[in-house]
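Quick heads-up: structures coming right below.
One chain, chain A, appears in both complexes that follow, with chain B as partner in the first and chain C in the second.
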Partner chain A sequence: MSLRQFIKDLGFITGGAALLNTIPWLESCTPEKLKEIKGEKARIAVIGTGSRGQYHIHNLKEIPHAKIVALCDNYRPNLLAAMSLCPDAKPYDDYHKLLENKDIDGVIVATPLNWHAPIVLDALSAGKNVFCEKAMAHSLEECKAIYNAYLHTNKVLYFCMQRMYDEKYIKGMQMIHSGLIGDVVGMRCHWFRNADWRRPVPSPELERKINWRLYKESSGGLMTELACHQLEVCNWAAKKMPESMMGMGDIVYWKDGREVYDSVNVTYHYTNGVKIAYESLISNKFNGMEDQILGKKGTMDLAKGIYYLEEDNTNSGMRQLIDQVKDKVFAAIPTAGPSWRPETKMDYTPHFVIESDIHVNSGLSMIGADKDGSDIILSAFCQSCITGEKAKNVVEEAYCSTVLCLLGNQAMDEQKLIVFPEEYKIPYMKF
Partner chain B sequence: MMKEIIITSKFMKREGFFLLLSFILAFIVNVVAIIVYKRPWIELISQIGYVIFVCIIIYFLTIILRILLLLIIRIIRVFKKVN
Partner chain C sequence: MFHGSVPHVMGTRFDVLIIHSDQSLLNSLWKRIIMEMEMLDKMLNRFDSDSETSHINANAALHPVDVTESMWTVLQYCSSFYNRTMHLFDVTLGHFSNVELDESRSVRFKSEGVSLDFGGFAKGYALLRIQGILSEEGISQAFIDFGNSSLMGIGHHPYGDCWKVSLVNPYNNLVVDEFSLKDSSMSTSGNSPQKTKHIFHPINKLFNDEKKLSTIVADNPLDAEILSTVWMIADEEQQHIISNNFNNIQAKVYQL
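And then the complex of A and B:
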């Protein structure tokens, strides 16, 4: 889907201030602004050409206002694979050299997490626009350093918070904020997989380089790799940040020398008592991935683009009457009050947030789901490289969610309640 | 030899009357449901399937009621004869 089609599908009309009030990050890529850059191309370099980098290359090749001019990876097979995709691009094995190239407008950083901060900071210093994969960085200090650099640069900085550019999430959020599911009373996010998260390693000395996700020196584990997006969604729905968190993490099944947890449960607590129950497990995939926002009147499952209402008035009157009679006849337990009723999950009627097909993945892919907003945010970044206009809120959202992931890891490591540290609060945050 | 069952026009008229009565009752239930649950009036037509379903249930209830009534009347008659 093109950026233009995406914005059209959101119901954007010329000068659509009402729509942009709720999604200000799209101000930088309205259809009018797209017209202004007609014919121009952003010269893009990709740093880190592993699976995710190659995924971005495929998306970039579909973007009319982007041209891949350089590639960089210090792992030769990945660089060769990327070069076969875009033979005209100049190859590098040192990102410093690539940043010296004056013919590059923007760089895409798709490296292991521990390399995000050094590359992003160096690229901004070199005067490049930057698009970096989530999570923002490997430590709280690095996140703050990037945020401060962003405040002082006139360059464009994006983090791949693709849910902000996913139609079903945007429309779902608009429905939540319009009161469709009532007051938000809880949030329940989980990501379940049944895979070891490993990649084949040609020789043992490459283990930490290729399977970087499994080691603490280069990864935040399930929190930074999976929870990051989901926590961002929760804050978007709640319009605020949790003020404390606690959790437990363990290596339950994949005892193969990895250092990061393969099972995490973290609870985030907002000042109004609302909580995020976050859970991720990679040895059972029954529950899949869900971002559930629980309201007094209904539940929004943003990952599926479906909502359910507690009292479903969309059913016909006759159907509601029959259901009520059925409930009265069959659900009553004469020997006890209603609190003794076992409230096994009901079959709710699903309502779809958007008309078109919802793209979901099997949970096995480590690269990304199809049409999940990654292509749109990338296209918006390339447009920003040409216009120089920053996208509102993207860096702030990435900062907030990454800090929460890192604090979640800290809570699990220390097995204690963590209160959000004052020194990492930014003006964007509301508690 | 099999017993011949004769369906008289009186029987058919009577059952037709009960079926019509059941349908009217079911239709009224639908009207009440539309008002109570604040649903659009198009459901008078669109929910006709549910109306027929409820109509059949009511009709079978009338059959059960009539059989029960007949049994009670017969028991009373037998009781009177004995005394």
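And then the complex of A and C:
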């Protein structure tokens, strides 16, 4: 796992320990901590074994300190699919019954959004450690209820904020916080896809169950499904929370009876004037997915793990010549032609956040990308199930970004400027 | 080394790389270069209604217009090139015979409809002036890229024996040829996807729309500039005759 290697490497570089201090949720991922639990296995149950649940099952099977002991889904085909992946696990179709099982240390919740809060709260009450998919919950009230339960429980609670465990993001953030791209002046996040987001439905009465993402009773639409991660990244970069938001949402193309928007534009405003321009559209995929932080001195594309410096904007021939002279290389520069070719974005030299192989998450998958941090955070959770060590900041970050998504939806629904409501502020937030 | 860049001057982008160790010399040198370019731009820009060129264009048909010493030098060059290129280089695009230059340093247009257009001249002239400035200041190694079409290599690359450039086909971005510049300049003219028909033949009054490039390498950057557009419109016989009127030039035409 490259993140473990990254953390291991931190031990050898100056400032490594200091860096680890700025990312406290990684403390449990150090090689020393892993040694402590050698040989033990956390007994894990998965509640909600649809596509995302099965994705977690695949990752869990790779984790040496985890064992899948139970599965639960009230949609039989999904349960059967999971059972074929884990033949030794006990199957349930009612999560209450599963929670009565004393031989479970931790549960993974990968159900539709409106089930997150009920199951998380019940699981914590039942004395289980909980790892829940993002977003935190379907409503502001539910988020607050989970946060309050978290403050009072001694069990471990994680939300799947995988970018916090993604090496590209961790290093990229460290570069941003050290001033590499100068003062942060703006942020642009988008997630474009070209698909209807629908799953095939064997019979009409299953429509709202299987296509839960499309209906307001079970889904927060593009904001909770996609924006959640990206807003968390922006707050991570800004080190604060937006104080107001406004936006517009529409169903532009997929007019198929769905209730959630297929096109959202929300602007989030920080007190210093910096804004997040958030866009998501699922009828055109040209722009893909990106979390772009704009600084006075440079720009960082966190999803690609590439940054560009403003001072690099020379014409490509001259830029190549300068690089060559710096590298003591003598070669022809491809600059002669009948007329000037104007600057394009391509003329900035790309610099890589991670020197080695870049694995880019195009954002096209509905389920998740390989090596995007999901495996790491899951592993950290399983480790916590054994050690009882809580993850620092994960719940707070999940709360912050989820609440921003829900407020973004509110702004779009009500067509007005929303100021962050006092009753949903928590001490962790800085404005 | 020093990299100076002007994003927009004379309609395009200017970059220079100077190899020298004296930073304060380089800084003052750069100021000189910028001043020179701004002066030339101001003088030669026909789109600027305050320029000397615009003033001449507005008045020379009505009465003789006194010109500055700098403009006089420019007009002398233009006249010389008009004669040495069989009239294919013509800053009035076909009416230079109607331009009368008087020893008292004035210019008059003998008829209506005459207008000066220094498009195929200005960058080459700027490079000539800059060549002089660099030489005065003792710079022996520098590379200038003026809008990709006008290049000048002074001395050689710090790690090679010349400055090497490749010529890129604007239609497919593939390299067409490679050139070695050592105390020489290279100018490229031609059509491109953005400008398919912009080079005017002053005698047959047609715009050239051929998909081709012409490249001139010469010791004198102004010669290179003038001749690269001439080569787009001259036929082989004309090219042969014109070559004899210039020293140290190499010309090539590429059919794309």
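In the analysis below, the second predicted complex is superposed on the first by the 379 of 431 C-alpha atoms of A that agree within 3 Å, B and C clash if a C-alpha of one lies under 4 Å from a C-alpha of the other, contacts with A are read in each partner's own complex, and residues count from 1 in each chain.
One rule holds in what follows: contacts are C-beta pairs under 8 Å (C-beta built on N, C-alpha and C of every residue); 3 or more make two chains touch, one makes a residue touch a chain.
The structure displayed is predicted, hence computed values, not measured ones.
Asker: Tell me the contact category for A:Val325 with respect to chain B and chain C: first, second, both or neither.
Answerer: In the superposition, A:Val325 contacts chain C only.
Asker: Per the contact definition in the header, classify A:Val201: touching chain B only (first), chain C only (second), both, or neither.
Answerer: Neither partner.
Asker: Once chain A of both complexes is superposed, is A:Gly317 in touch with chain B (first), chain C (second), both, or neither?
Answerer: both
Asker: A:Met248 contacts which: chain B (first), chain C (second), both, neither?
Answerer: Neither chain B nor chain C is touched by A:Met248.
Asker: More chain A residues touched by chain B or by chain C?
Answerer: Of chain B and chain C, more residues of chain A lie in contact with C.
Asker: For A:Val419, select first, second, both or neither according to whether it touches chain B, chain C, the two together, or no partner.
Answerer: neither
Asker: Under the contact definition given at the top, report the residues of chain A touching chain B in one complex and chain C in the other.
Answerer: Chain A residues touching both partners: 317-318, 321-322.
Asker: Quick check on the complex: what are the chain B residues that touch chain A?
Answerer: Counting only chain B, the residues touching chain A are 29-30, 32-39, 43, 46-47, 50-51, 54.
Asker: Can you list the residues on chain A that touch chain C in the complex?
Answerer: Listed in rising order, the residues of chain A that touch chain C are 314-315, 317-318, 321-322, 324-325, 328-341.
Asker: Which of the residues in chain C end up touching chain A in this complex?
Answerer: Per the touch definition, chain C meets chain A at residues 1, 3, 5, 12-13, 15, 17, 19, 143, 145, 147-149, 151, 157-160, 164-170, 175, 178-179, 186, 188-192, 194-195, 213, 215.
Asker: Spell out the residues on chain A that touch chain B in their complex, using ranges where they run on.
Answerer: 313, 316-322
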